[in-house]
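Each structure below is given as structure tokens.
Next, two complexes with chain A in common: one pairs it with chain B, the other with chain C.
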Partner chain A sequence: MERFARLADTFFDLEVMRRAFADLLTEGLVNTIYISASAMLFGLAGGLVFALMAISRRWWIRLPARAYVDLFRGLPAILVILLVGLGLPTAGIRPFGRYTPAYAILALSIIAAAYITEILRAGIQSVEKGQMEAARSLGMTYLQAMWLVIVPQGVRRVLPPLTNEFIILTKDSSLLFVLGLSLGERELYRIGQQVASRTGNYSAVMLAGLFYLLITIPLTRLVNYMDTRMREGKPGAGEEEPLELDPSASVPGGRR
Partner chain B sequence: MRSVNLRLLISIVALLALALAACADEPDEPEAPDEVDEVDEDEPVDDLGLAQEGVIVVGSDIDFPPFEFIEDGEIQGFDVDLMEEIAARLGLEVEWVDTGFDALISQLAADEFDALIAAMTITEERAETIAFSDPYFEATQALVVGPDSDITGVGDLAGMSVGAQDGTTGEAYAEENFTDSTITSFPSYPAAFGALEADQIDAVLADLPAAAEQEARSDLVVTEVIDTDEVYGIGVQQDNEALLAAINDTLAEIIADGTYADIYSTWFEGDVPPRFAD
Partner chain C sequence: MAPRVALRGLRKSFGNLEVLRGIDLEVAEGEVICVLGPSGSGKSTMLRCINFLEEPTAGSVEIDGIDPSAKGVNIDRLRQRVGMVFQQFNLFPHKTALANITLPLRRVKKLSRREAVEVAQARLADVGLANKANARPIQLSGGQQQRVAIARALALEPDVLLFDEVTSALDPELVKDVLDVMKRLASGGMTMVVVTHEMGFAREAADRVVFMDEGVIVEEAPPRELFERPRSQRLRDFLDQVL
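Up next is the complex of A and B:
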């Protein structure tokens, strides 16, 4: 029993949580979302370019994409973060001056792009070959066919894994503490960790965990929903979105 | 072919899992004597409240020269020598556990080790969770800057960005006193000094011994020493009064017979502070 009491004291002290709450909400949550969302955006852009390269028929276009994915999917995230956040400025390359969050976003984007390359490549290649052949036979160039025919079909299939990638990215943003974040730049984990090293109490870290769940659980539900929908076909036939697609069949009492 | 490979893979994974389980089990074992009153009925335990007879498990963050660091595969430093001396006089062998500075206190409280020594400043906040021995070291803070810096002291810090290590008294001092500066905290001094060398920050506030060591190892410069009145202590669990008393008595002995001064001069230049001289 004493052990449980100690666990409760060290990890679930409500008073410590209460004191950290405002910082976690107004600074940590905001920065975590800002950093992971930006990294996701840049990661998508980079991933799309590399994915298109990865399915090229020319080996010298495929090769750099392959190497990029192998390298940055194979390295631990914390190492890439250090390499970008500390290595670049040490080498005198400082595109963002001293603004650490920008280096952090760059590092996470690089990692995300590697994973997203594979997701998009798989998505594009899952579209039947005949689609490309048909588009080409209508006189489209390779890029036109890719952009107008193949990619739009692939995108639907890759939405669940992409959402998953965003969830992972959100959690990886907790590693940014290695770069040193100043007041106002701190993300969720950093704030909790700081309380922990000052007091030896991990309750603020646990509260930070709750905030992560606040971001990740809705997204996980969304992935599951998309997955189900994809398997059962488009909505309309199912019961998933009856209100939007068939207003006449709405609940008694009409629409609110 | 495929099934053969699969079987091989499964056996490797199983082996790994077993090895992992074995590793994980080990530290669990000496956990039984947690409450003092139960000690006698359980395993044989000596009166210092140690889980394993003759061995004191000591936690530290072994990345902090010259207090504790690993070189040539060996754990060494001032804290290390002092702790080994204390343990030897108590007839104990030291088993070192390397962990993160921020985890030390809660791991000690959770009985993952018997004591901690980590160049840790005694503070009221920390003393809420663990008990501290008598002071064994007087520390001052040092302001470290790059080789070409215009900063000559704390007076020049307005508008500058100052780095510190997480949870250290230097960080607290910086936040309290350098209100016109941006304070950035790092998980360790090496990380902070790395950022300073990368010119991502303008200065680092660090414990003087660590700063002096860094000055010797790189082209960074200690530009001002700040007296903050802090002392280091050895941490033990709050309910282990026997061990605390034993450490305090032995520490007093070591100071009185001049051994402290010997260890001090192995690691630091200059005179032994009066309170630790015999």
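Up next is the complex of A and C:
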């Protein structure tokens, strides 16, 4: 019984949770979403550029994209975060001044772009060759055809793995604790972890976990829903056949 | 006046495989040419060269007397003069029938939204699909999709329209509607190069029929002459098979 009480105390102390609740909600959750969503946006932009480079017929355009993807998919996220988030400013490269969240977003964006490159490349390459030919025969330039015809279709087909990538990004944002984000800039994990190290009680970390689940579980459901919809070929979902995109199976460019 | 299309000594190889082995062909304004030939004889490759989707290995392709390899010629601009309709329709599945047509009008011809919609609706009406403007390709039958594809190519007012076996992917009962549209275009003075297995269409609509085999033009003549008095054994064998 005593053992049970101690377990409950360590992980489910309602008083500790109550005190951490406001910080976790108004600071942690907000910053976690802000940082992950920004990184996703920049990751999409970067990933699109690298994906277009990766399908070029010219090797010297493909090569840098290939190298970038190999590098940042091959490195542990926390290493990139440390090097970009703390290393760059230490070396005197401070494009964002002392605003640490910007370095955090940059680090996550760099990682996300590498994974998103592979996802978008798979999507773009799944679009039938005839689409490009039809667009070109209508007088569009290569880039117009890409942007107006190929990319919109390709992106639609990889919405599930892209959403999956956002889920992973949200979870990986917890690694940003190594940057020592200061008051007001902290994300969920950092707040929970600070309470834990101060009080030796893990209830705030548990509550932080609950907030993560609040984001990730609905998104996971959404991924499954999109997958089913595409598999059943509902019009407007992915059009044509979707790629094989079961998140538990081998997602093109996906992770975990 | 320069011919609409002029192919001179056109050759095309893929690796070691020489698919086109010296094609000479001129298409005059308003002329309708049907191209026949066995599978693999290079018909599609020739059309794709006319539209610059493939680059010739040797020889030249001129549109209205303009050589795309000449200095200062923009190939994307030149391609606008050549429309193409494909066997697989190749409509943009994420756009409605109307938007399939307005997209190139707006982005390539730089028309305003209103002008583009006006033109698109008129072309849809031409192919009998005015009431399908807001349908997605997936909601249309193959024949309807192909007519939208024709309307899309027409909307850009090309000097030449290329057709690559545009009825081959259609159920038999849908072929007629598409052929009717093409016959109307032909008698309306459109310059057309039509690769087809529809001998009836070739007989009725073509000014000249070209028979290709193994990358060369074996015979060319007005339809009556070509069908009734084939000169080469290869054409006789081919006609025996398809008729």
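Things worth noting here:
Definition applied: the second predicted complex is superposed on the first by the 229 of 256 C-alpha atoms of A that agree within 3 Å, B and C clash if a C-alpha of one lies under 4 Å from a C-alpha of the other, contacts with A are read in each partner's own complex, and residues count from 1 in each chain.
What we mean here is this: a residue touches a chain if its C-beta (ideal position, glycine included) is under 8 Å from a C-beta of that chain, and two chains touch if they have at least 3 such contacts.
Owing to the predicted nature of the structure, the values given are computational and were not obtained by experimental measurement.
Once the complexes are laid over each other on chain A, chain B and chain C both fit without any clash. In the superposition on chain A, contact of A:3 is made with chain B only, not with chain C. When the shared chain is aligned, no partner comes close enough to touch A:209: not chain B, not chain C. Of the two partner chains, chain C is the only one touched by A:148; chain B is not. Using the contact criterion defined above for the overlaid structures, shared-chain residue A:133 touches chain C, although it does not reach chain B. When the shared chain is aligned, chain C comes close enough to touch A:156, but chain B does not. For the three-chain overlay built from the shared chain A, the minimum Cα spacing from chain B to chain C equals 30 Å. Listing the residues of chain A that touch chain B in their complex gives 2-3, 6, 10, 86, 89-90, 94, 98, 100, 177-183, 193-194, 196-202.
In the complex of the two chains, the chain A residues touching chain C come out as 128, 130-131, 133-141, 144, 148-149, 152-153, 156, 235-236, 239-240. Per the touch definition, chain B reaches chain A in the complex via residues 34-35, 101-106, 109-110, 125-126, 128-130, 161, 163, 166-167, 172, 182-187, 191-192, 194-195, 197-201. Touching chain A in their complex are the following residues of chain C: 51, 53, 76-77, 79-80, 82-84, 86, 88, 90-94, 103-104, 107-109, 136, 138-139, 149, 152-153, 156.
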